[in-house]
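First subunit A sits with subunit B, and in the next complex the same chain sits with subunit C.
Showing the complex of A and B:
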């Protein structure tokens, strides 16, 4: 008998492929995790990190490939089977029963709880578990009363108490305060030292460099490279993470324009996020007519708050936003001032998926002539308006009665962009406008943005895709931890330098 | 009011609460897993007829109850498969199944209208207790099923609050993702309890035909399934309050007889609608109290379909 497996490997993924419709989220990926290591899985949003790990933990069934745990092949698509094999996952959104106590949450689905137990016995059991795994929790407290960090510890303790030898954490620091994050990293190192394999999904370079033994970088569903931490720096990792696409977006060619008057003025903007933690710190910039300004950064560095502030969906702690010198203090005032908005969540925030194309097409002008007369929407005019729009943006269907949820992502985005990018608007805020689109659809959306800009619109492009920003924008701002840490024009933009700034390197 | 009438009224209130009590306890268990069976009225009706027909042909009320449990369980399982497994709309499917149940039982029962049950659920005078003056005849000369029925919520409370299995059920109804992550079969247990709740509602229906009304008329449940459904909401999903709710509605339903016997000058129609009006009033009161306490007591995932991933 030959030993094929390296016995220090706790978990091996071989040729895993996972598709969602046409989208290939993970492409024939193979990766091994060693016993007792902290292994970071690094990549941009949408790189396929979470999908891959949901497959490993049994929450998703892959289309191809196999999983091996300690030399045994594992069946697919059952969290129970994966847990029994020693693979547990803590999701980004915690899966706890808010009304239950910590002790009750730890007991749910646990086979070692005796079939009849008093609350007191469950609390005692939880106390012993906390001691055994050296994770401090308050067993009698209801979960709703806990902080995010405490909830996370309950999740980790639950997973460990089920016998997990491989612990997967999906962006574990995203909801934590800096103190809690530091404490988590210390705990994870200690657990790894005891022999547990920790898989740490993240897109934060500094964090990964401080906690991981090895780092695997993923992009577009593929594994680029696995490196030892000692061979890695912010520079090498960011270069990989943000490396140029094979299908070069910069082939699009950047257009020369003469920008006009200042349309959007953001001055000294500071704001907190939903947790009350500062998210933006003294951000100032302007966007002029016939100018595309790209804001780049790793997700979670203040882009979301900036987007909400500019569209009037969030109030700043300090500073102000004006469009055409009109102050923005709410969504309505932003729209009145001439805001057009292409949100990231195109079929949720941007369009009404359960409604037809024509109803979605008139959402910006349903109060105006000729679509509306005397307060009544005239179906014939609305439909002919929609037909023109559909023809202009070259949708795959010409039937305006088609429901939007039946459209592909690309067609939905064309419809949304076509509706928003019209002459009377002053500024467009576009957020990851080509995310999840195929190459052709992405190209069409980029072209329509460029055309709209040539025709006099100001465009604020908030993108997680550096290549897209480089290809489209006249100026690029780099956002890191809520501050603008770099500004480049289209001519002096150096992608490696920008990548490093995005990763938190000092300028 | 004379004592005899009062005693008879209390006894009657208790016995007529039995069907609602059994059905509501079953529905409570279903709802704890996050599914509500809005077709409860239809399930009771199916159970009522199945129990009655088997009683007629076998001459055994016990076999009748058994048949009612099987028929109610299967009918509810049909609802469960359509809603839980295929994730369709609970209300639309529920209402459709009630109409199906009403049509089918009406058709199958036509030739038996007015016929009496062959074997009725016997009365059991509890030894000693039933001989206590006043209290005895009021409380302790009930049908066997009535005594069992009051134990059901107690058993449900024990199951939910003291057992590992109960904890798992509640987790499914509160946060199915959490239960799934812990390796509990969300869909499996939801189906199982939909069936169990259906069996109990079926028995509740047969208690009406074999113990309370004791014969067959079309639509014999007359809204008791809906009342059981309301009792669960009234209870705040606590088994103890299911008992209180069921007896409260039982009391309302015998108030008409009391009024008639005492010659109150209130039209009998008023007393007929009283349980239904009472349902509405009590629900409003309950909602108001709950808001004042600031506590949300329903299972957080009640009525929500479960998808993984």
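Showing the complex of A and C:
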């Protein structure tokens, strides 16, 4: 891609590369943004969108490349300098002082506020700013009393009031209710019409198509293409976003199995998320013995809630979850019914990093004989149980007193998966089980899942990685806005069609 | 200071010290040194250094100062008896803080629990004044533990259900307890003999704790509780289901939930145990040392207990050992007043040990490394070909 230095470009990124250790988050990427456009940066989770924009806004220092604003080269690694040059960013997690009022938050760090100001002056200042930028906020209200949408407006107003001419928004609709999201999009269009450049990070296709002038699609740290909205459709964008990954996890070789009795039955499940917004709507499916069912979808379409409901960590508004016909009404009852669970957050939820391997090995069965008898945790039994586990999964160490944080990510996942895929379990819920692992460790985890399935377990695989789901699963369910919008078997799975459904196309 | 957490402790924020190509950075050691050793070692170094400096701050000569300290603590029978007596509430207070601390919860209300424990025990003793010791003493201890638990219940519920910081609420409850005690000790229970002081009527003599005679050392048998409980809790933490749950939840609440543990119940139960131990400390102090309800029943024991718990890293054996070390220091403080020293000096020493202990722990976990600034090639000229 060649960059023509056009005077109408508000921001130009050239050859930006950002590495975190081994991982290359952004690969020599060049991209420019025009004055007064809404430019959407689209890509799956982990595509490098946020990293790139954090570099542009000075929150991260790139390893290579340069940033140009209005023909001037910008130094790196200073959010203040970037903001002074007119580039401001609103993060997904707001950076407001909850106990301060809106007016006070707007005044923090502002250059035009005298060090002695009365609350009344600050409120007046905030009111004028709100008027100037046409963003409605309540200056006197403390931030903790605001809704997420209101907090976001305060963030936007604060960034604009510092003179931002390029406003970067990181997944701005993720925390909003549908009404708030619509309102935000209207506001953004109005701001762009006034000459502000809006960079809108998102992984939601329909939203991007409705708000953006131009759309750049990123994948694995690279820019695939920048298109005008007029020549973009859900189909073209989703094809780019979910195109086959060249390193290919799909050569796994799908195994042929004869599935058995129904183990997990999810029927007519509806549930709200933490904001009280409906997250799942009448979801029904079954997972049989010796069967892997993959749930795919763009992040934020109900996967989290589905995971919590199946593992007993959330109550449904309607419907039910049963394992072997036993209803699941809590975490304990799910464990008792034979649920194994490999959570996405392995070092923190699935494992306790500061504790020894043996204490972690018994985390899910510490109440069972022979480890526990009459309220006594019997260290000898626990350690021998752990030793067997360590030997079975071929961990790098055989010393069960080793602390888990000393294990590599791959070894930690081996320990976690090994613990869960054993113990007379009936069904496994695995969430992004290979995320962040190197190729060899990921392969080992996939093989252990496949083997466990062959040996009679039912597996529900919730994955953000379409390749992985296609490579492992016997059946694929596509989740979009809390509904199952498509179901495919391993034979008839058409990745373009799945990609379109993930992106929200009508069937 | 926290119980081992996986957070990286890097301070290499990209915006800082950009001018220099070399910079210092604090990094977590891949393999921490022996935490206990460094913490205790640093505490003892702190004590030795401050004792060496002590003569500079008094009018007494170094010789008289040290000899009075020695005879007031380990050098004489009375000194040693004093050390043991002071150790009883200190060790219990240390436990009262260290057990919730394993769950990252702070019990800053031990003084209040001591007041309430002593108050409840006093009330029981008045009502059962005609009973014999074996009836009255267990009931007093029980009442004190219940009172201590009740005193921590409200802050605990506020913390668990509403997320209100227990540091503030447990602390403020101390003053409420003091007011409550003052009311009873100057009002309904006021002792005519107090002559204007704040003292309640003495508890009946059957409520006094019996004395143990070990050779020629005499100390009330509260010492057995103070020596036994740390061992019992140490064992419970290592071997019981409760101990396992506390260990795992303390290290990660999310993992505790994941394992199907009842996190809230564990948090509440453990706080209540902390409160009960505070109440017990109050009863033992009342029944073994003071014999009448007075604000002097705490003597700052609660805060010293908190320091002990922090320095011991919530290890019960460490609490036991440091409890004895601190009671030696406090006894030495009493002793030097006779030769014109100030007892406040001991509080300075205690403060210094806290600073040393904290640094000792930090040294065991962290180290300074000098690194080259990475990734500046694009803003600074390339060196070499």
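In the analysis below, the second predicted complex is superposed on the first by the 464 of 507 C-alpha atoms of A that agree within 3 Å, B and C clash if a C-alpha of one lies under 4 Å from a C-alpha of the other, contacts with A are read in each partner's own complex, and residues count from 1 in each chain.
We take it that contacts are C-beta pairs under 8 Å (C-beta built on N, C-alpha and C of every residue); 3 or more make two chains touch, one makes a residue touch a chain.
Quick caveat: nothing in here was measured; it's all calculated off a predicted structure.
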**Request:** Could you classify subunit B and subunit C on subunit A, in the superposed arrangement, as clash or fit?
**Result:** clash
**Request:** Check whether A:352 is in contact with subunit B, with subunit C, with both or with neither, and answer first, second, both or neither.
**Result:** second
**Prompt:** After lining up the shared chain so the two structures overlap, which partner does A:435 touch, if you call subunit B first and subunit C second: first, second, both or neither?
**Reply:** neither
**Request:** For A:104, select first, second, both or neither according to whether it touches subunit B, subunit C, the two together, or no partner.
**Result:** first
**Request:** Could you look at A:60 and tell me whether it touches subunit B, subunit C, both or neither (first, second, both, neither)?
**Result:** both
**Complete:** Between subunit B and subunit C, the one with more contact residues on subunit A is chain C
**Message:** I'd like to know which partner A:76 touches here: subunit B for first, subunit C for second, both or neither.
**Reply:** second
**Request:** Considering only touches as defined above, state whether A:158 meets subunit B (first), subunit C (second), both or neither.
**Result:** first
**Message:** Under the stated touch criterion, which partner chain does A:313 make contact with: subunit B (first), subunit C (second), both, or neither?
**Reply:** second
**Asked** Looking at 98-106, 170-178 or 206-214, which bit of subunit B clashes with subunit C?
**Response** 98-106
**Fill in**
Contacts of subunit A common to subunit B and subunit C in the A-superposed view 60, 79
**Request:** Mind listing the subunit B positions that touch subunit A in their complex?
**Result:** 162-165, 167-168, 170-171, 174-175, 177-184, 300, 308-309
**Asked** Taking the complex as given, what residues does subunit A use to touch subunit B?
**Response** 54, 59-60, 79-80, 83-84, 89, 91, 95-100, 104-105, 107-110, 113-118, 158, 162
**Complete:** The answer for subunit A against subunit C in the complex is residues 60-66, 75-79, 313, 330-332, 334-335, 341, 343, 345, 347-355, 359, 363-364, 366-367, 372, 375-377, 379, 403, 405-406
**Complete:** The residues of subunit C that touch subunit A in their complex are 3-6, 14-15, 18, 30-31, 238-244, 247-248, 251-252, 254-255, 257-260, 374-379
